[in-house]
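Next up: the structures, one after another.
Next, two complexes with chain A in common: one pairs it with chain B, the other with chain C.
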Partner chain A sequence: MEFLEGLANGQFLAILGASIAIIFAGMGSAKGTSIAGQAAAGAVSEDSSKFGKLLVLQLLPGTQGLYGFIVAFLILSKAGLLGTTVALTTGQGFQLLASGLAIGITGLVSGVAQGKAAAAGVGVVAKNGDDLGKAITIAAIVETYALLGLLISFLAYNGVVVG
Partner chain B sequence: MEIYPYAVAKIKVRENRLLTNENLEQLAQEEEMERIVSSLMEKDYNFEMVSRYEDYEVVLKKAEEDMYKLIKEIIEEKNIAEIFLSKNDFYNMKLILKSHVEGKDYQDKLLNSGTVSKEEISRIMESEAYDRLSKNRKQAILDAMEAYQKTKMPFIIDAILDKECFHHMKKLAAQMKNDFIAKYMTNLIDITNIKTFFRVRKIYKDPYIFEVSYIEGGKITLNHFMENLDEDEQNLKYKFMGFSSTIAQAIDHYENLDQFCDNYIMNYMKEAKLKALTIEPIVAYIYAKKTEFKNIRIIFSGKLNGVSPERIKERLRESYV
Partner chain C sequence: MSIAKMNKVTVIGTKDKEEEILKKLRKLGFFQVEDTSHIVEDEEFREIFEKQDKNNEIATLNQKLVTIEKAIANIRKCHKVKKSMFASKEYYEELSENIAESSYCDVQKINQLAEQIEINLGKVDELNQTIAELEPWINFTLSGDLKNVNYIKVMLGTISVKYKREPIEMALNKEKLEYSIHLVNKDKNNKYVAIVTKQDQLVQARRILKSFEFCEKAIALEDESILDQIQKAKQEVAELKKQIEDDKAQIKPEQIKVFENLYDYYLNERDLKVVEKNIVTTKNTFYLEGWMPKGCKIENNHNFMIKMREEQANEEVPVLVKNSRLVEPFQSITNMYSVPNKHELDPNPVMAFFYIVFFGLMLSDAGYGALLALACFFIIRKKKYARGEGNLVKLLAVCGVSAVIWGIFFGSCFGNLVPLHAVIDPLNDVMPLMGLALLLGIIHIYVGMFMNAVELVKQKKIFDAICDVGFWYLLLTGVFLLVIPIVAGDIGVWSEVGKYLAIAGVIGVFLTGGRKEKGIKKVTKGLSSLYGITSYLSDVLSYSRLMALCLSTGVIAQVVNLLGGLVGPIPAVFVGIIGHGFNLANSALGSYVHTSRLQYVEFFGKFYEGGGKEFTPFQYKNKYTRIKEEF
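This part shows the complex of A and B:
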């Protein structure tokens, strides 16, 4: 009984929402930067002068994890876990959890996808270093969808009234 | 689908060091061997290991070994190198068998970069210890020798071992479950059959030779080839859709048949340029390097034998870049 009550606890649900935001978005970034990083390492092993340019491409899929972290921080803050204690209802807890889902899932998928686009961009830069701008632009378009996820998470978070 | 970001990016950088069509034409035009060698050294061909231009094969063999070593280092998929290397094994086996029946020496002509070393294959063939080879290879050798004893025609050794070679390559390609590689094998078999088809029409003029040499696994059936063995030249290009341009070229310049067939496969390989992370660019790079070795051989043998630059250029294969 106590276990079920614990599951319905508003703060527990808010922590779950924050965790989903950072875990999934972080997984997307970890996978994405790994793919782009492997490609960059392959190119640098043949031409070390391209390291600086390729580092930019590897960093691109890293932003999803950052967005997940921002949303998780905001949720924890609103749930009163980082400062003044706030009494959260089960409903409010669920609302905060749902707000974390948007960036969590879009961050996971877009992070991996952006990693692949950035790795393909590494191939472009490997062939011609002057095409770095084009490679970044192509990979950055995937970022749009992570940003939309962040925006919805933020709007939903803002809409949750607590206290 | 499995992705290979490290390997593909490494290969993309290496593609920059491949010889372009313009580079090849310049080398063919060049009059001084020293300048040809110096240009090739800029592309990682180590001519410092030889003292005479005539020893260019040593440099190319080393470059080929280095290329396969690189591929094995950067990619775990073993079948990819074996698809290309097993052809060298079968070349060595055919060479030794034919040299035996014709009483010729073969040691200098053996290729080094097979899946089995040339010393090992030589020992196996000399001692007839075929059990040390795979079951299918052993059977192909026994079949080839039996067929030769009956017909006394050396080409039958080539035909039977080539069939087994392509069968083995196709099996490896199927295991990789990759459409690009599967289609490469189908195209390679079709184009090999087309080459045999033209040779039978022009030289042997015996349908039996085509029937024995035909390799299964392509899109064009044996029946289709047999029906067209006596077809008028002008109609042929309409009979082999998908290969009409190669057929038309072969009709006009039969002497360059091998070149047109190689170019057909190279044009297919260029589709790999659109792939960014999967195995296709690596397969294409192996084929591109093999073609580059062939082009360097054409340039060197042409130059050393006093062939005109124009004639050398005519024989050059299409480059990947």
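This part shows the complex of A and C:
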């Protein structure tokens, strides 16, 4: 019984939501930056002076993890885990959990996808360093969907009334 | 504010004046030389014209450039001259061929000296190693009578300290060998010993000693004592070091400036040769074609013939966009997408305005904006950029100022570190912020559509302007007015107005959408163009990224402050510097990327054609130096 009660605990659900946001978005970014990083390392081995430019490209799929972090942080603070404690009902806990899902899953998929686009961009920069802006823009189009995920997560989070 | 008109210019002169005239054009810096070498392929002209083969000269000059760069690197290595990140460039000085040649001799001399130094340093290393090896034996001398006795052998070597003298002696005694062992020196790991044996027992002695890990050193004893050898080596080292110092003294750090100037001289010489490749010649004359902005004039002192005519409508003309100092840096953003073609409006001033607004809104922090702007203005001051240089830095400086203004509007300065009164608080006033973002988006899109209408009117397609822009204005405005009450509450009579606007728009678009089609397609095309509303709506929603990035900056800044508050006052400074530094860099990158995307996809998509070729005049292209404005 205590186990079931624990599962229905509002704060537990909120932490679960925060974890989902950061875990999945972080996974997406980790995979994405690794894909882009592998391509970048290859290009650096040919021409090490392009390191700075390629680093920017590698960083692009890193934002998803950051968005996940933002949402996770906001959820934790609303659940009263970072400061003043508040009472959280099971329903509110589930709502916060659901709000974390949006950025978690869009972040996971778009992070990996953006990593692939950025890795392709590395090829562009390796050929001509002046085309960095173009390569960045191409990869950034993918990020739109993570941004939309962040936005929905935030709007949902903002809609949950606690206290 | 506009795209400059061009003149097509033809220059014909005698061959001996070719270089002089080209140098003059290079100095003027507003003449783009066209590649005319294809004339030679033409049946008609094949007999008369010929191409100039400059490949060998270009290769030689490239080789020189590499050599000079090497010399500059050598000087830097030798004197540890550091390159200041913010130093402005020296002025370029034109050289005569003779001076350049003699400077180039200096370059080669420097490279030779550097090579010599490298070799001598290697020798010094080697000698030092020898000295280190001899050092433990310094007190060992061979007395005079042993020196020339050839039935005796003296072995010098090391034995690990773990072997004592007795077992060695016992082993040697067992074989009935004659020997004597002298301990010369000792350190933590090794004993340095001299072992004297008879020449004919040497093999056996070595075998036994080997089992004690005796490591024999090849040190000659016959001619000189070890002390003398060490002293001689030390003297040699001193001599070499002096030699190196002398060589280094001949490499003067101030030569870097001369060589950098020389590098740029040869760089421009090479570019000149590359241009010459594009120019065809006859037996005695050359023929040169190119473009020049209208209003520019080449002074002619009667040693060549010049003909000018205005650009024609169907020609491919290089595009030179002229803008104010404020807008100019933003041209690089537009050019990254596409250079405007010569028929259209210059989108840069409008684009720049929205760029500044959106970038500031995304960065949205007064502290970050101030830091960014100050850093950029500092670099601009130090580097003394000419027009057209350092565009990104200039752009970020302006956008930083914009971020300060938005930061004050949002009450954010390093997150919540400095308490400011917010007009809209991003974390709490969610709907107003969302509304602001989308409203800016609608304005941006409307302006883009307006630019399209202006283009159409300029082409005398007024009816098209009304159908493709006017009706859509009605329809979109109507739809937005209808949507607002759903999310933001009642707006009174305006929703009624919206209804009629939307209806008028729908009818207009439906009736005119298929005006270029025939028969039944008129109806289907009209219907399908109504479907275009979805693309406008998704464009508007895309501006929600303004809000998302604004939030992202703000929340991370607050997290940094919170972490700083947890760790106590002194570590908080470090947390603050690293955290805010990271957030500033990341948010600035995000703002740059996403503002560009809004321009490229949502804004340019409405009206911009592009596809022009950038005007690239023949001019000095220096790497290390800069050109005086009035050169």
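In the analysis below, the second predicted complex is superposed on the first by the 163 of 163 C-alpha atoms of A that agree within 3 Å, B and C clash if a C-alpha of one lies under 4 Å from a C-alpha of the other, contacts with A are read in each partner's own complex, and residues count from 1 in each chain.
Keep this in mind: a residue touches a chain if its C-beta (ideal position, glycine included) is under 8 Å from a C-beta of that chain, and two chains touch if they have at least 3 such contacts.
Predicted model only: the values in this text are computed from it and were never measured.
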Exercise for review: Give one of first, second, both or neither to describe whether A:Ile70 is in contact with chain B, with chain C, with both, or with none.
Suggested key: second
Exercise for review: Please work out whether A:Thr144 is in contact with chain B alone, chain C alone, both, or neither, and reply first, second, both or neither.
Suggested key: second
Check your understanding: For A:Leu81, is the partner it touches chain B (first), chain C (second), both, or none of the two (neither)?
Key -> neither
Review point. Which partner does A:Ala98 reach: the first (chain B), the second (chain C), both, or neither?
Key: neither
Exercise for review: Could you say whether A:Leu155 touches chain B, chain C, both of them, or neither, answering first, second, both or neither?
Suggested key: second
Study note, to complete from the structure: Between chain B and chain C, more residues of chain A are touched by C
Point to revise | Partner chain in contact with A:Val109 - chain B first, chain C second, else both or neither | key: neither
Exercise for review: Please identify the positions on chain A that touch both chain B and chain C, taking each partner from its own complex.
Suggested key: none
Practice item. Could you please specify the touching residues of chain B with respect to chain A in the complex? Key: 3, 5-16, 74, 276-277, 281
Check your understanding: Given the complex with chain B, which residues does chain A contribute to the contact?
Key -> 35-36, 38-43, 45-47, 116, 119-120, 122-123, 126-127
Point to revise | Residue ranges of chain A in contact with chain C within the complex | key: 56, 59-60, 63, 66-67, 69-70, 73-74, 82, 133-134, 136-137, 140-141, 143-144, 147-148, 150-151, 154-155, 158
Revision key, fill the gap. The residues of chain C that touch chain A in their complex are 333, 336, 430, 434, 542, 544-545, 547-549, 551-552, 555-556, 559, 562, 586, 589-590, 593-594, 596-597, 600-601
